[in-house]
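Presented below are the structures under discussion, each in the form of structure tokens.
In the two complexes below, chain A is the common chain; its partner is chain B in one and chain C in the other.
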Partner chain A sequence: MAKQHTTVVGYEGNTQSIEYAIPENETGLWGANFDYSIVGKKNIPRLDAVEKVTGKAKYSYDINRPNMLHAVVLTCPYAHAHFEVTDTSEAEKMPGVKSIEVFDEGGKGTARFAGWLIAMAAAETIQQARDAARKIKVNYKVLPFVIDPDEAMDDASPRVNRGGNVNPPEARARDRGDVDQGFQEAEVIVEGVYTTQVQTHSCLETHGCVAEWNGDEVTVWHSTQGIWSVAGGIASGLKDLGLQQNNVRVITQYMGGGFGSKFGPEPFGVLCALVAKKVGRPVKMMLDRYTDTVYAGNKPGSKMYVKLGAKKDGKLTAIHVKAYNYPGHSGGSSVAIPFMEHYDCENIRIEEQNVMTNAGASRAFRAPGRPQGSFGIEMALEELAMKLEMDSYELKAKNVSGTTYKAVPYELKLGAEKFGWKEKSKKHGSENGKIKHGVGCAVTFWHSTGQDKGASVRCTLYPDGSVEVANGCQDLGTGQRTMMAIVAAEELGIDVGFIKVSIGDTQLGLNGPASGGSTTTPTTSPVVRNACYQAKLKLYEKIATKWKTEASDIDCKNGTVFSKSHSDKKMSWKDAAAMLRNSAITATADGFTKPDVPGSNTGAYGAQFAEVEVDTETGKVRCTRIVAVQDCGKTIAKKQAESQICGAVIQGVACALYEDRIMDNMAGRQINPNMEEYKIPGIKETPDIETVIVDVYDPVVNTGGKGLGEPPAIPTGGAIGCAVANAIGVPIRDLPITPDKVLAALQRKEG
Partner chain B sequence: MSDQPVGQTQERRAFSRRLFMKGVGTSMVSAGALSTGIAAGAMQEAQASQEENVRGPGMVPMTLNINGHNYQVEAEPRETLLEVLRNRLDITGPKLVCDAGSCGACTVWLDGNPVYGCLTLAIKAQGKKITTIEGLAQGDKLHPVQEAFIEADATQCGFCTPGFVMSMSAAYEKNPNASLDEIKESVSGHICRCGTYTQMLEAAELARGKIGG
Partner chain C sequence: MDRFQFINANSAQEAVSLLNDGSTKSKIIAGGQDLLTELKEHIAKAEKLINISDVQELNYINAENGSLKVGATTTIAAIAANGEILAKNRALAEAASVVGSPQIRNQGTLGGNLCQRPRCWYYRSEAYPCLKKGGGICYALSGRNKYHAIFGGAPAYYVHPSDCATALTALGAIIHCLGPDGEKTIPSEKFFTLPSEILLPENVLKPNEMITAVEIPTHNMKSTYIKFREKESYDWAISAVAAALELDGTRCVKASIVLGGVAPKPWRAKKAEDVLQGKTITESLAEEAGEAAVDDATALSDNEYKIPLTKTLVKRAIMKLIA
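For the complex of A and B:
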């Protein structure tokens, strides 16, 4: 039976009332006119902050089990080679060694990049395991390889895989309108080739796990963004042992960074569990830094040939992009969305291909393809502004439009005000002096789609007033526990201190989403609400009997349960819970119903403004300030959201100015597979960041919450690139913007 | 030497400071090796160790004073303090991340001075007061820097947090009124991959308010 509701949606200056229906056992939207006590308001400390600052938080890497073995992997040192493990006897005789296993059947196969997994050694200590791995005899037949993507496109180059190096052979095209017509209408055309680098995830906690058997059951503490996909992968990987998934338990209580690279069981996860079974002892295998860097994923580079057509007033008429993405030996990427969705244009054609090379496989990295595409479109627009001698903010503002749920024009304007764009903006390259300053802006968009059947949440109310909210998701550092507690506390009308959140364990038996795609909040938060709603109604029914009223007449706010019709009838939450005596109330909600409201969308939008200073003598660029305006629908955990936005911005600064996986094209190996020569920004490279969170009430889910991990990570690089162009009057089209490129550009400019 | 590289271990063998220091620890370094431009401190350390009895390469007993307790532990001389803490004593607050002194996640105090646990041999940490993140709070009373990290939400994944907290708190222990620039300097050898620096700077200000005179 569906129930009709009304609420107010939209954002400041653009709201409207709507009607919608959802089933009776689910709760309605909070919306813009709800009297929030906690959601989006208070600075709620991260639920696990004490554990994290005292070292008590146990990450998978920190799990030490009695009698545990330590394992290391052996990888191929060549970019392309047939290999065969010929002799493990010497390794097996090394002190402390308990197991030598190979990854491929028969210990042979073809390595397609330097870092390919070959074997694993397990021993009493990590030192002994390392010693043993070096004694494994492997025959290599080194094959021709190709590292440089431009070379790889040449038909005469060595083939990385069986097919050609350019995939698909014919570019896949996405079309909107008529791009040729659009260019005919254009009064001005700009063209440029923009390239972005390969970045490594460099998660501080490397990939790996601890596996331990108890009879037929295996427990795996895995550093993962998806405990369920790991459990499924371990079960299918060991099905020959008769293992079924109901005997696999995966635990991830704390996770030291994933950024999109940690979803599967990994071959070493399966092997770890296998060795633990064979030897009859727990096994820990966490990758070393080198292997993690070269093996466990990266963000693909790209080369984008961009052509824009526009009217003299700056309105876009056509966008044509031919893009090549560089995912290594496997994987793929697309830079299309920022070109198609960030700005309004009726005529678009995007053609894309992947160019395979003998390098580590790409994995999802915080908004796959988006920072790349954003750099391309923002820089091309910047060059259009330069050509038209227009202010680039004015040009960009002219090409965005909004709706009740898409606040990007509002956000762009708000950001310009907060940033002081008018005062700071000046003609490109017009500043004199050694140090030149520049400003740039960029917009962002990400579909933070909630999975309506993606989560089961259990809410348990105990007689002492304490509450447990449980779901089979995991917290990779976003503040998932805190977000769930805030939603539960708001729904129940009590303090966050009452709430315990249980996650990160498949044994909870509660399906949960993988932490990826900025989907965890929109997938779990509405179900948290529904579970709490159902649990509290059961409690309210008990109270209603006592007060001779209906459960629907009862509510709870700020820890006081009261009758809406009789204001004298009230009691504390604790007293209400005490009515349960020796029992507890449990309610489990499976998924949620999407309120079907026309125009509602899952997009999270925003705009960023960057200020840079460029030393024209050294070529060094410093990003000094960022203003990040961002919505994630209705923000739930405000403090944690700010932290996440700042983190995304800093990763964007890294993309713009610092990080670069550098390959030796002759040796076929990464030159900087570490944290020393691969430059991740530190505290001294951090700009002054101002976050401006905009609440956009969108009836997409009952909390209005959308994901935030990815959206603010998209536009920073483009904004900084534009600011550099503004400072020196010449665009640098190749990320990262390092001093050599700045000096070369200045030299070209001076001529 | 190895037949096959483990990851990049073969290269690292040749160049890493830690492995060099491990060599020093086992008294295997000849005078010739020392003439290749090593810092004076390391030289003195190496010379001093040559005067000690040769120990290892097998297991040797060690006594480590950690967070006010003496631990008797058997470990190989080549094991770093970080490895012994984490793998032999289950003190896992200090994290293993880069294993090369680039990221600071393993930071502990030796006699109150922050050091990289991954660049310190356990055997050389004997006789010194070792403080890890687990020993920073006084019972249930958190260190002001820990409190400030909580208030400023200066953790995301939290893997770097113990290291940052140990370096920042050491800086304030030395100078309760340390400036923001001094605090930046004190944690400039650390990496936070989630990019929580903005909140750490906020925490630094909050902590100074709690500690400073």
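For the complex of A and C:
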């Protein structure tokens, strides 16, 4: 039976009342008029912060089992080669060695990039395993390769895979309106070619796992964003051994970053489990930094030919983009969404192709394709502003529109105020002196939508008042435990201290989402509420009998259970729970029902503002300040949200100014696969980051929560690129904006 | 990492005896910041490591009568924190303070800093049998060379990575060495070498010799070290300048300008010195000196930017000294 509810939605200055229906056994939306006690009221610190900083939290990297072997992988040093493992006997005879295994059937195959997995050695110590891996004899027949994407497009270039290097052979086009008509209407046209580099994930904890058997059951501690796909992958990978998924347990209690690169068992995960079985001892394999960098994914580079048409007042009339994405030897990417969705334009045509090269395969990286596309559209708009001699914020503000759930115009305006845009903004390149300052802004959008069937949550109420909330998801590092505890505490009307969150273990038997796509909060939080709601109703029924009232007459706030109709009837949460005596109440909720309100669920929006300082004599750019305005629907865990925004901004700064996978054109290897020459920003490169979180009440799920990992990672690079153009008066169209490029651009400008 | 024997030396003399006991592949290890990486990456080979990091007689800073002597195992952090060095040999203190990260400065020693091997990415990768590893070619010449040399490159285009070496050369330091034939001193200027002179290593030290100390004789120079890096948190010098000037008001009596991060050894910018010698320093003279400093520079495919960059750094270092 569906129940009718009403609530207030929208954001400051733009709210409205709505009606919606939800099944009886689910709880209604919190909404803007809900009387919150914790969400948005108390600033709850990350629950496992102390564990993490004291080292008590055990990451997969920290798991050491009795009698455990250490494994090391051997990779191909050539960009393209037929290989065959010809002799492992010497390696097998090395001290401490227990196993040498190959990744490909028969130890042969074709390596399509330098870093291809070939074999794995397991030994008593990691040192012995490393020494042994070097003694594995591999025969390589080196093949012609191609590294430079421009060269790869040439028909005469070596083929990376069986098909052509350009995929699909004919560009796939996305159209809106009539782009030719749009350009005819245009009074001004700008064109530019924008390129973005390959960025590696560089997770602090590298990829890897520990596998241990107990009879027919295998337990795998895996540094993963998705314990379920790992469990499924290990089971299917070892089905020849008769392994079934009911005998696979995957545990990820803590992980040191994934950013989209840690899904699935990985070939070495399956091999670890296999070796552990064969040798009868636990096996640990965590990739070394080199292999992690070259093998375990990256953000694809891109080249975008962008043409914009606009009226003299800055209103866009047409956008045409021809984009090439560079996913390495496999995978694909798309930069289309920022061009299509960030600004309003009726006539759009995006044509895209992937260009394959003999380099490591790309993987999802914090908002796949978006930071690239964002850099393209923001820079093109900046150049439009330069051409029109317009303030770029004014221009951008003119091209966004909102709804009750889409607050981007409001966020752009709010950001400009907090940032002090009016005082700071000046004509492009107008500042005198060697050190020049500039400002830039950019908007963001991400569809952080929840999966209604994606999670099962169990809530257990114990007689001492303590509560366990459990789900089969894992904490990618976003603060998932804290978020779940806050939601449960708010729903139950008790302090967060009562709540224990159990996650990161397939043995909980509770379906949980992979941590990706900024979907975990909208997928799990409504189910946490539903489970708590169902559990508390069971408790309220017991109390209702005692108080001779209905369960629906009972509520709990700030740890006091009370009757809504008879204010004298109340007791503490602990006393209420004590009525359970020697039993416990358990309720499991499977998924949730979307309220399905027209116009709702438009995603998370925001705007970022960057300030830079450019030393025109050395070419050095420093980003000194970022103001990040962001919504994630209704913010549930504010501290964790701020921390997500800061992390995203730092990765954006990295992409704008520092990180670059540099490939050696001669041998086709990454030449900086380390933390010295691959320049990850440190504390001195980190700008002052001001986070401004906006609550947008969107009836998308009952908590109103949306995901936040990705949205703030999208606009930073574009905002910084625009700020550099504002400072020096010439756009640098190629990321990262390093001193060599700045000096060259300034020289071109002068000469 | 291949197996090796690790021996603690109790004195400099003992370390040298151990180096000369007939076995071939013995090496001194001090802080191990560089050597261990080389061993792990299979760039260097050693059968015996002679540890001098606990040799107390090599760990000292003596600043007396205007001259300075620093023992070889003194940490970079200790040099950076020393008030006497900052007062009289500021370029060295400043150089030490920007070496690597705090951890590296705490562990790394002066001797190790001067004898550290190049950071060229081809040299540092086992996959490339380059000139510096006994192979036939310098890959940087036709490969990726954004961080490589603009001076003195041929036949190998790596840059000397030591910040301290640049500062010490500008300050006219003398390197004290100990070998089987006893002690000797070598001016810093002659200590570091170009690949055209000696391909391996980057200095005149023999495999059976070691550095015991570095001395800076008394001088009247004001000095400074400016290091440019892409990343302030820690990074090698993309380009660096150690400038030491003897000044009479703003008139330059004597100039010593040495460049780092741009050549296989600390690179004396003779032409820049000549511009300054005997002249009153003004912004335009400093600019002229900057131009002169890069007069003989030749860029590779990716490092043209180092030329205007270095010019700027020279100008700024000079101006900083008269400020």
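Keep in mind that, in the parts below, the second predicted complex is superposed on the first by the 750 of 751 C-alpha atoms of A that agree within 3 Å, B and C clash if a C-alpha of one lies under 4 Å from a C-alpha of the other, contacts with A are read in each partner's own complex, and residues count from 1 in each chain.
Criterion: a residue touches a chain if its C-beta (ideal position, glycine included) is under 8 Å from a C-beta of that chain, and two chains touch if they have at least 3 such contacts.
Bear in mind the structure is a predicted one, so any value in this text is a computation, not a measurement.
Shared-chain residue A:K538: touches no atom of chain B or chain C.
Judged by the number of chain A residues each one touches, B leads among chain B and chain C.
Once the two complexes are overlaid on the shared chain, A:K322 sits clear of chain B and of chain C alike. By the touch criterion defined above, A:A49 lies against chain B but remains apart from chain C after alignment on the C-alpha atoms of chain A.
In the superposed pair of complexes, A:N672 makes contact with chain C only, with no contact to chain B.
Shared-chain residue A:Q127: touches chain B and chain C both. Within the superposed three-chain model, A:V72 lies in touch with chain B and out of touch with chain C [touch as defined at top]. After overlaying the two complexes on the shared chain, residue contacts for A:K684 are found with chain B and with chain C alike.
In the superposition on chain A, A:K137 makes contact with chain B only, not with chain C. When the two complexes are superposed on chain A, the residues of chain A that touch both chain B and chain C are 77, 127, 130, 676, 681-684. Contact residues of chain A toward chain C in the complex are 77, 127, 130-131, 617-620, 658, 662-667, 669, 671-672, 676-677, 679, 681-685, 738-740, 743-744, 747. Against chain A, the residues of chain C that register as touching in their complex are 1-2, 119, 121-122, 125, 127-128, 139, 142-144, 146-147, 228, 230-236, 238, 302-305, 308-309, 312-313. In the complex of the two chains, the chain A residues touching chain B come out as 43, 45-46, 48-59, 61-62, 64, 70, 72-75, 77, 125-127, 130, 133-138, 202-206, 254-257, 259, 286, 288-291, 476-479, 639-640, 642-644, 646-651, 654, 673-676, 680-684, 686, 689. Interface of chain B with chain A (complex): residues 2-10, 12, 76, 78-79, 83, 86-87, 90, 92-100, 102-103, 105, 132-134, 136-137, 142, 146, 149-151, 153-162, 165, 184, 187-201.
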